[in-house]
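Shared chain: chain A. Partners: chain B in the first complex, chain C in the second.
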Partner chain A sequence: MKRRDFLKAAGGGALVAATTSGTAQARPNKEPPANAVGMLYDSTLCVGCQACMTECKKINGMPPEQAFGDDMWDSPADLSEKTLNIIKLYRDGDGSVKDRETDGFAFVKRHCQHCVDAGCVSVCPVTAMRKDAKTGIVTHHEDVCIGCRYCVYACPYNVPKYEFSKADGQIRKCQFCNQAGVERIDQGLLPGCVEVCPTGASLFGTYSDLKAEAERRVALQPGENTVYPRGMLNPGSGGYAQPGLPPHEKPAPQYQPEVFGDADDSGGTQVLHIAAVPFQKLGLPDLPERSFAARSETVQHTIYGGAVLPIAALAGLVYAARRSTVGKQEGDDSTGGQQS
Partner chain B sequence: MSQHQPVGGRVLTLPVLIFGTLFLVALWILAQRFAFGLGAVTNLNNGYPWGVWVVYDIVIGTAFGCGGLALALTVYVMNRGEYHPLVRPAVLASLFGYALGGASAFFDMGRYWNFYNIFIPSNMNLGSVMLEVGLCVFAYVIILAIEAAPPVLEKFGMKSALAKLNRVLFVVIALGVLLPLMHQSSLGSLLIAAGDKVHPLWQANEMLPLLALVSAIAMGFSIVIFEASLSALGLKHPLDRPLLASMAPIIVGLLAVFLAVRFGELLLAGKLGYVFSSGGLSLALLVETALFAFPLVVLLNPANRQRAKLLFVAALALLLAGAVWRMNAFLIGFQPGAGYSYFPSTQELLVTLGLVAFEVMAFIVIVKMFPIFKGHGQQAA
Partner chain C sequence: MELEQIPHRLGITRREFMKFCTGVAATMGLSGGAAIKMAHAVANPRRPAVIWLSGQQCTGCTETLLRSHHPTLETLILDMISLDYNETLSTPAGNLAEEARHASMKENWGKYLLIVDGSIPTADGGVYCKIANRTIAEHVAEAAEGAVAVIAMGSCAAWGGIPSSDPNPTEARSVQELIQGKTSLQPANLAAISGKPIINIPGCPPNPHNVLSVALHFVTFGTLPELDEENRPKFAYGRLIHENCERRPHFDAGRFAIEFGDEGHRQGWCLYKLGCKGPMTYANCPAIEFGDVGGGAWPIGVGAPCFGCTEKGVGFTRPIHSLADVKTHAPANPFPDVNQPVGEGASAGAAALLGAVGGAIIGGGVMASRKLAQADEAGSEDSQSKE
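On to the complex of A and B.
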């Protein structure tokens, strides 16, 4: 029974480890880089003009989509490999009043959230999805991508899109206009969608500034006059001094009390949302506090950390296999034939 | 020579020709996939980026390929030499299961020409479950090929190569146990990162690697019973019924563990409410659970284990159970949100069918020509 004990110790050890959650080495959610950049989308400021969608297509070289028949406009149904940014409409009842949950409507802007603890970065086998150490922007590198589409499968926001219609398709997603060949952020420019936004609904800035601004806005009294910057919040902050339109002043709406993209949304996202309509109604997911990436990586690192368990198991298995094959049987060799 | 003998007989039989034709159809469709892209022949989309090629060919197909693992565990780790006659056919079937899983992974890969990047250390993401699965399945296919080599070496009288191989075979066997333990559990772990997109009835998080592994080993034993029974029937080869029956207690134990962990997780995570309230998915769970429970109930009774037909049906049910659990977890219970739907295209199904046909065809041809089965070959070659 010695061998069985060994099996229990070696093979069984891996099983036990595999099922142990919340061990000492449990990986916590990741933190954003100190000077991470971000975007605040204020649904109440958005007028649905879709200038951001047009500019996005122009900068990223993407064709228009006609999802609803032979339209004369670019009219995608959702994010796709040809549409990296989309303004979607929430509508209820007669849809008469903007930013009202019942019998009203509201806009939501969807593109890559640039997660602080990004699932796509965590699952990619070949680090084709990377989180920039300085900006925190999640970029994609098709030169190493194998096209397994695990990022598509795992992203809680359904953001990465593979080009199924091409023989040499690649993954497409918003890269904050800072991918190689575009590099707008590095050049001191705004992301295209922010630059053309007439109302400041899409606002660029450092992640920490934007979080503070979002929290300030949701705490405002409805009707209270307040200043809404456009382009960049606090130009100069974090070393970024992107140009933009002058701010405007108007009464605050009735905001939902939370900011979407806080740390308690699976570690947070560098694209923050505030709105007058509950986020789930706008199609944003209700995520747990601990990121799926952290949970998945904890399991992997528990089993494979330092390759300790696999090596220990292999040692036990080599020992057992040697006992069973060598010097035991001459007429009944292992998997294969025998020495004769 | 060993007591293994080729089954012999005509190679180009009608079934072989039919399976061969199905395989050619699959190759034709795959040619279109490479020429025009995945979208030209599949119904894959950006809500359901993984279809039957991933879920059946790789996730389920490699679990079906766990016969080699099951026997290596019994023969070499638990030192139960009496199962030895079953090893060669099981290893051969495992090799086919895994090689085709690997082939499917390749043609399902959207950027297959970049595949080599998983071997480049600076590109490896050690936190990625997919990396573990990719490297480990690749390594195991090589190990299986080595494990399956002795019959070929015997056939061509390469005695010195055989002798050399036998000296290191225990290391190969050890790796042949370790690697599938690793990637079969990882295939379950793949789902953890998908989080809420996997329905709560199947998103078992930290329990997924255990569930995937335990069910894969049980499927391994079942496929051995399944193959041995069918081979005995189709190739008019003697069936060692008591030997097959003696695997039943192991299957029962694994099934009990699987169901206890499966429903224990639902209970402890407070998800039992979903069991009856999830509409079509409740039905999917019911079918899956019935398929797991049936072999457990049948094989608990020792008298049933001795009845070849019941044993076969129980093994078949377990294979289906493991397949349905995987299909439910990866596809049917996968919920990317409104606006997305997936049902495999005819071409996707024909490719999968063609690959299975190839597997069966190649198995038949090889056992006729090479010394795979032990004992009385019907017509010695």
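On to the complex of A and C.
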């Protein structure tokens, strides 16, 4: 075949590529299930009692960790395969006043954000990470996990943790206390951390209700008295029962105007945050509006959609290989003859 | 020596007396040497005169002193100071009592201590509390002028207390506000009294040891103990109840009583969820408990949430069941930072081992490629020589 023919074939391949990418839609961010559950963490309500961390370890059967050399208390430094939920501290200057950016401090609770469009679910090659169709909880299934740890690297919040200390390690992450064997949500119970929270800083509810509540709170005038529910927001909504403690009333603080975890934060997270200190200071990342899952899936599904491009590329390679082998057939033979 | 006459004067043994003085010194965090100085000061027969005025109050502050028996505190306070006027304790009444007070004030002008309990009504010219046909505001202003210092005992005197809570029809204000001219009712001698040292000892009632400690500090050293920005003695009001609370470990471990009488409440767990105001109330109650009762008897000790009686804006203001703001001087240490680094860098040994392995691989590769090249050259020379 001549050079001209090769170029023609290559051009045809390019045309196929162009048409496929034209027809494949850029995938938008996913939407949460209608009755998705969620959690609202209000940093200004958190008093740092760490009851949620204690309860989490109790329910999930995790051992205490001592990162700060104190053998008496559970004191993890970060999320780990033994710590699925942690209260961390932002501190500036003398750290004297709570919920103040300069010379103040603030608490932040970190665990799985249960992304609406989760990166870990998108990258998992064996569907060990799944998003529950009813609750929207991002679940992990040990029976199929191959331990590739893609989810660890795909998570923008650095949440899934791998048990590196074990030969047959597993991924560990918060599953809203609804994993097999615990199933608190299915039983109509609250997640452990919410159940013990004394102030309602961790509040359970449906995602849509919580989003409305978060928006209501950030719009409050500082000092205005308002009612803070504890346990579950609007008990019974979405078919999830469980009232918690009675609500309490207190003056509203000066909130940051945004809610972390709504749709413009990478498609949204079912765990919402509101705080008096900018979220970036609390270690929550500034994410683009489009989720990483949507972006990478658009690229991947365009390239591999219908296997058209791979087949075209393979055809091109086969052709090129054949052309170069056919051209050198005699020369090859002569060399072979010399060697033998 | 005066100390030797103490058993006769006070009716207690010398040993009991020394124990008392040491206890008072310890309450303020002073050394044993201070206790001996105090013992001498108390033993001095020339006792400082004290004028005690009462505004809008319930007599609880006086009662708490009388009900203390740790050794016979009422004897000590009556004998170590010269309480020249107190509405509840004065033997004379009416004109006689007023005369005694004026005589004492005149005699000790500029030297006596003024103790006030109860708030000062300032609405309608202060007519809502009158003694001897004069308003309490007038009495306090007059007595403050000749006082060396003013002690506002109890929450009512220190910041307004119950009478000042909504709707406050009498416009009850604290003693400090009155003598510093911060009320609508201005004392006639404001210029003379506005600079008087004032010590606030809030509480409902305050622990008698806190009052006694301030008085003894003054008697012994001639100065007032260190005060905070609200003129409260730091030894008593420098720390949150939450910081020293005996139930604090339950708070840290997330063990809370949810309802009165439930399992957690019976187990003595933290009362925060029941509305305990310990986390926003400054007082030394966990250390010296309530009144002079002893035996672990103070509100939190007996299972009742603290309602913040010493703290302006908390006691008699916030609903008893409402959750407290958890104040801290600074957050506790065991919290990891938002950007807490995890793990550690490579150790020197690991780095050396890795370097050695890497070096061996690179070196081996170089040598292998060199040998291969030599073998190639040799091979081609061989074939050429064969031809």
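Annotations for the structure displayed:
In this section, the second predicted complex is superposed on the first by the 285 of 340 C-alpha atoms of A that agree within 3 Å, B and C clash if a C-alpha of one lies under 4 Å from a C-alpha of the other, contacts with A are read in each partner's own complex, and residues count from 1 in each chain.
One rule holds in what follows: a contact is a pair of C-beta atoms (placed from the backbone, for glycine too) under 8 Å apart; a residue touches a chain by one contact, two chains touch by 3 or more.
For clarity, every value in this text was computed on a predicted model and none was experimentally measured.
Applying the stated contact rule after C-alpha superposition, one finds that A:49 touches chain C and leaves chain B untouched.
Looking at the shared chain after the overlay, A:152 reaches chain B, while chain C stays out of its contact range. By the touch criterion stated above, A:93 is placed in contact with neither chain B nor chain C.
Of the two partners chain B and chain C, more residues of chain A are touched by B. In the superposition on chain A, contact of A:78 is made with both chain B and chain C.
Once the two complexes are laid over each other on the shared chain, residue contacts for A:198 go to chain C alone; chain B is not touched. In the superposed model, A:248 lies in contact with chain C only, and not with chain B.
When the shared chain is aligned, no partner comes close enough to touch A:28: not chain B, not chain C. Counting contacts as defined above, chain A residues 77-78, 80, 283 meet chain B in one complex and chain C in the other.
Across the interface of their complex, chain A is touched by residues 1-4, 34-40, 42, 44-47, 49-50, 72-73, 75-79, 81, 84, 87-88, 91, 109-112, 114-115, 117-118, 120, 123-132, 134, 147-151, 153-154, 159, 162-163, 165-166, 169-175, 177-178, 181-182, 185-186, 189-190, 192-197, 205-207, 209-210, 213, 261, 336-337, 339, 371 of chain B.
Against chain B, in their complex, chain A makes its touches with residues 3-4, 7, 11, 14-15, 18-21, 77-78, 80-81, 119, 122-128, 142-150, 152-154, 156, 158, 160-171, 283, 285, 287-288, 292-293, 295-297, 299-301, 303-304, 310, 313-314, 317-318, 320-326, 328-329, 331-340. Residues 47-52, 54-55, 67-68, 70, 73, 75-78, 80, 86-91, 94-96, 98, 105, 107-108, 196, 198-199, 245, 248-250, 281-283 of chain A touch chain C in their complex. On chain C, the positions that touch chain A within their shared complex are 251-256, 258, 272-273, 279, 319, 321-323, 325-342.
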